[in-house]
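The next part holds the structures, each set out as structure tokens.
Two complexes come next, and they have one chain in common, chain A, joined by chain B in the first and chain C in the second.
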Partner chain A sequence: MKLLTTLMGAAALVGASSMAFAGSHGGGATPALIFDLGGKFDKSFNESSYNGAERFREETGIEYREFELQSDAQREQALRRFAQQGNNPVVVAGFSNATAMGIVAAEFPDTDFVIIDMVVDAPNVRSVVFAEHEGSYLVGLLAAMASETDTVSFVGGMDIPLIRKFECGYFQGARAANPDINLIGNMTGTDGSAWNNPVKGGELTMAQIEAGSGAVFAAAGGTGRGVLQAAADAGIYAIGVDSNQNYMHPGTMLTSMMKRVDVAVYNAFNDVNNGEFTTGIIAMGLAEDGVGWADDEFNADLITDEMRAAVDAARAGIIAGDIVVHDYMSDGSCPVN
Partner chain B sequence: MNTGIPKWVDVILIPLLSLILAFVVSGLVVLSIGKDPIQAIKLMVYGAFRLNDGIGPTLYYTTSFIFTGLAVAVAFHAKLFNIGGEGQAAIAGVGVTLVMLAFDWPHWTIALLVGTLAAAAFGAAWAAVPAYLQVKRGSHIVITTIMFNLIAGSVIAYLLVGPLQANGSLPESSRFPSAAALPTLHDILGVVGINFDRFSDANITFFMALLAAVGVWLLIWKSRLGYEIRMFGESDKAAVYAGISPVKITMIVMLISGALAGLMAVNTVQGQAERLVLGAVEGAGFIGIAVALMGRNHPVGIVLAAFLFGALTQGGVELQFEMQIPAQMVIVIQALIIMFTGSLENLVRMPVERLFTRMKKRAA
Partner chain C sequence: MDFGSILQILDSAVRFSTPLLLACLAGLWSERSGIFDIGLEGKMLIGAFAAGAFSAIATMPVYDGGWGWQTGGMWVGMVAAIIASILLALIHGVASITLRGNQLISGVAINFFAAGITVLLGASWFRQGGDTPQLPAGGRFRPIELPLSETLSDVPVFGPIYQNLISGHNLIIYFGFFAVLATYWVLFRTRYGLRLRAVGENPGAVDTAGISVVKLRYSAIIITGILCGIAGAYLSLGTSAPGFGRDMTAGRGFIALAALIFAKWRPVPAMWACLLFGLLEAISTKYQSIDLGFMVLPGQFMQALPYVMTVVILAGFVGKAIPPKAGGEPYVKER
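Take a look at the complex of A and B:
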């Protein structure tokens, strides 16, 4: 009986606190952020969204709540939980959350939702998508120009269309710089664990180096750590992804394909906080600085003037529409391989 | 386990003491990261059993764990270690998906029946190959069932970016027709006037799991086949001498085991997701091993252990939501509880046994 009353008391408390939260809607954010499988500190995708949220917290002093997904069934639960408790906006990065968000967004029409990397068509959802193929094209160009061999390679995380999109853009860029270059591509695996398997990433990279690769691009979440390490050990160039990973191995890190997930998260929090939130699709490509190549003190010595001129020209060409980079996800195929 | 201690001590007191010990050590872990351990444990219990959105997910997880726990237990009575529940359940999910998408279902009862049969058949089929390799080729079943988990994962990944994929970018199958949706506990309990959480994934398969537990009890302890299974498990040579075919027993046991593991797919794939997604099993196949171990391979113990693991899973989620304890820490806590209740059992058992033998001597 004592237990029961305690439980009921606690239930009343939760009820009261969620009402308090709900009252704060409309300007002023009570943000919540959900991290996809792979872990918050994957030095990549999730970490990038974490950085965006941290930047918001530092600038505004507003705390946010977070949840790290452990399994697929928790996607709906986490979204619903945050929405139920009055968090606004509820931001989740990762294409796998699309179905869950479609369901939960319909249940909470007054909550603002943001999904990154996927489109959910609902009146209260903002979908942020990135033109990864464009950024990958630029780093492919750099890879082919820097490589001391006639081969460049790619290590992907889970074999899904999104990662094929990275690979295809990268290959197109490499071929644009050198039409005769050999291309090697490997995927780490076929399930969620492929995002967090640095050992296998390293093995794949070593095999690619054996096959002659002179530069490797890792688009594999936490797995990428092993790829970059193996490249550094063998002294070939490596390219990071999502976050700027240049600092990890200065001297062999050619650049990183930046995908500004942090900007997407920061903007979402900020827009709600300022009462400027908009829904619909936001496409972040080269023109919007949503993707790009990392250029900092750690790789300054590796980028020659010639490379810089070529990559700047390509960037301008893509923005102007003179160069069209094929998007793998538009038709499920890649013109080069 | 013929140690002369009363049965209630063996099945209730020792697990309970282990659990308390586990909570104490977990509390120290929580303390070490600067959070309040009492609040954490309260929150875990409250989060797992709270009416509406706590007990619902707990029962959903419990359902899966009962099935996989029973699967491991049935095999273990024949001293076969089925580590392949993960793969068997995953392939069973494919079976459920194929039949669900193949027809326009007139009513959920028929969909449930056919879905159950498909899940059992696919799960059993996936277990049949390792079983065959064990009896005919001597390939150890522990190794082959583990390998089959990996094969199952790859098969599903192939299917979900290929033949079964619904749209161009998500690795998921199409949604099942809505007539195939199983009644949730919200629907069922609503009939008798109980307002259960309408978002909870717990569904009618929970009752199927309980029925399966009864079925396993009847099979193992009340049937001729069950006697043969247990005898084969105790001594395969004696079983052969008594005219029991090891080939037949191994095959039958593994088929039953695979079918039971497969049934969890009805809960997750048909009951919850209503489509096939990557990683639909979520480690329940492996947790089934711990459940069977803790439940002493007895259906009653398994149901209780499955409930504990379900509560741990859901309670752990609560810790993350409400106290912002990192997910990795939650896994550490869950692992500690599993360790103390499962493998470090002798830590509690031996002193308790000594105590009881001493008491007995004094009484005598």
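Take a look at the complex of A and C:
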């Protein structure tokens, strides 16, 4: 065992020292983007921020630099490296980067920083937060209406308040459509690996299906791939998250809870490029189209007119303030479970 | 806890333990012949990658550069996984048998090589950050319903056990349990097995009897490669997360080594050890927090449980585990 620990220590060292910065050219005010654990192509959260950056590159022809975090230890290091090399803005998606951002932002007061999913109170930081509970409410409504059983379920990634916020909104939506519906919720884990553990995601989903779930919502980054696949194999409905994941399993993908991380990244790059950058908190909810449900050719056959009417009414109700969706993060508890 | 949920946990435990079991048996073959192999992890990883990549290529539409197969893609993946894993095993063999190098260092090198080359090739072939694409149904091993599982489902107790626990797994899982019996029979009931065990205990004696130590050890290493390849293929073709993801073995090769020590290098105890580790993982997945009545065990406790149990078992319950005597020592003929 001693040998084993020595080896693992060595592995961790190599992992940390092999930081490679991808990108085409350094210097100048090149925008920079940092992807959180889970990987750039998680088909979900990080991929959405990648898509936003790509859109900026295609429209303006300006290259950007990027870095994929491999471990928690790299968060501060990556931010500082990008800031030192004069990149502007430095955008990082993921709540876990808040502490590192707070430290580095104070060291580089002339650099513009953007953090998504968390609030960092500093004069040169823009914090973008989403009203995930509102979008989750809509897909919960759809899940409860589509489910052929009297149960719907949820698989979360890491057990943190943000993911509880998804879960709570989803449960509220499901209860709104059917007050008697059973709700099952599971979290994949309590550390960063929970964002990329599709095997466990699949097992959790199978257990939920066994317990009677007829529709499952995955808010779990790369772990969601296993959830969506297990649902497709069992023939129950599944709901994707962050990016539009409807194309992955047409026929069983009911919809996706879109969180427009791409828009947040695109706007940040663009605002700095046009000299219109503002700091402070930007909240993106249903009204701002920051969240919503994915409606495309892959799920057109699954959404009935009745469901469409109900979800449109709920959306209008939330925007108008007639329906109040409880935000888990406001008090750390959920009224339904 | 009712009968249904017990069955479901056991069912899940079987799925979790299969890759451990195959890797553990792979390690058993190698170590019984006197070659320590901490490169199980790397061989599984490259097997998982080769399986995911070639199954994806076989099932991809022709206009995307694939072969357009509707079914059978998983067999291409399986063969590729076995070949890739054997190649790595042979590198380990050349380093530790022919060149008489340090077996631990060679194993570590294989783990690092596999971790790097899979992501590198994956990124260059599929451009998805080192992952392979999602696999369609024709590129994966799907659960098999054994005959009569519907008819027998009404029989009390046995019916549900047969239907849920024994039937409804994929081919690789059944192969894993078959491999336990096959390993036991070959190692302990055949002449080849006797010689192989002898070469791990006292290669000098085997050499004196006029049997080639080198050939025996290479044969064991190749079997290790085959089993590791299948274990890797299970991860990318046989679970509900089809396709390769970077570092998808996640330390299973090392847990398999722990199980091997726990089982004292014997095939049938190895199966029970792997099932125990699988069961712990299944329990921690199913019960994220357990209410004991007077207190609630938090989810963190349940998730740490497999690892805590590994330490407790290895430190406290194994007793003295004696590895094959000649393990780790390159064989040098005396002059």
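What to note about this one:
Operating definition for what follows: the second predicted complex is superposed on the first by the 308 of 337 C-alpha atoms of A that agree within 3 Å, B and C clash if a C-alpha of one lies under 4 Å from a C-alpha of the other, contacts with A are read in each partner's own complex, and residues count from 1 in each chain.
Going forward, a residue touches a chain if its C-beta (ideal position, glycine included) is under 8 Å from a C-beta of that chain, and two chains touch if they have at least 3 such contacts.
In this text, all values refer to a predicted model and were calculated from it rather than measured experimentally.
Bringing the complexes onto one copy of chain A puts chain B in a clash with chain C. Contacts of A:202 after superposition on the shared chain: chain C is touched, whereas chain B is not.
When the two structures are aligned on the shared chain, A:190 is found in touch with chain B and with chain C. In the superposed model, A:80 lies in contact with chain B only, and not with chain C. By the document's definition of touching, of the two partners only chain C reaches A:233; chain B does not.
In the superposition on chain A, contact of A:96 is made with chain B only, not with chain C.
By the touch criterion defined above, A:169 reaches neither chain B nor chain C. Touch criterion met: A:159 reaches chain B and chain C at once. When the two complexes are overlaid on their common chain A, residue A:290 makes contact with neither chain B nor chain C. Of the two partner chains placed by superposition, A:135 touches none, neither chain B nor chain C. In the three-chain model built by superposing on chain A, chain B overlaps with chain C at stretch 98-106, while the rest of 98-106, 134-142, 206-214 or 278-286 show no clash. Once both structures are placed on chain A, chain A residues 7, 10-11, 39-40, 68, 159, 189-190 are touched by chain B and, in the other complex, by chain C. Residues of chain A that touch chain C in their complex: 1, 3-4, 7, 10-11, 14, 39-41, 68, 159, 186-187, 189-190, 193, 196-207, 210, 222, 225-226, 229-230, 233, 248.
Remark: chain C residues 4, 8, 12, 15-16, 38, 104, 108, 111-112, 128-131, 134, 142, 235, 239-243, 245-246, 248, 250, 254, 282, 285-286, 288, 299-300, 303, 314 touch chain A in the complex.
Residue ranges on chain B touching chain A, taken from their complex, read 46, 49-51, 53, 57, 60, 153-154, 157-158, 161, 168-172, 199, 201, 268, 272-273, 275, 277-280, 282-283, 317, 320-321, 324, 326-328, 330-331.
Residues 7, 10-11, 39-40, 65-68, 70-74, 76-78, 80-81, 95-96, 98-99, 118, 159-162, 189-192, 329, 332 of chain A are the ones touching chain B in the complex.
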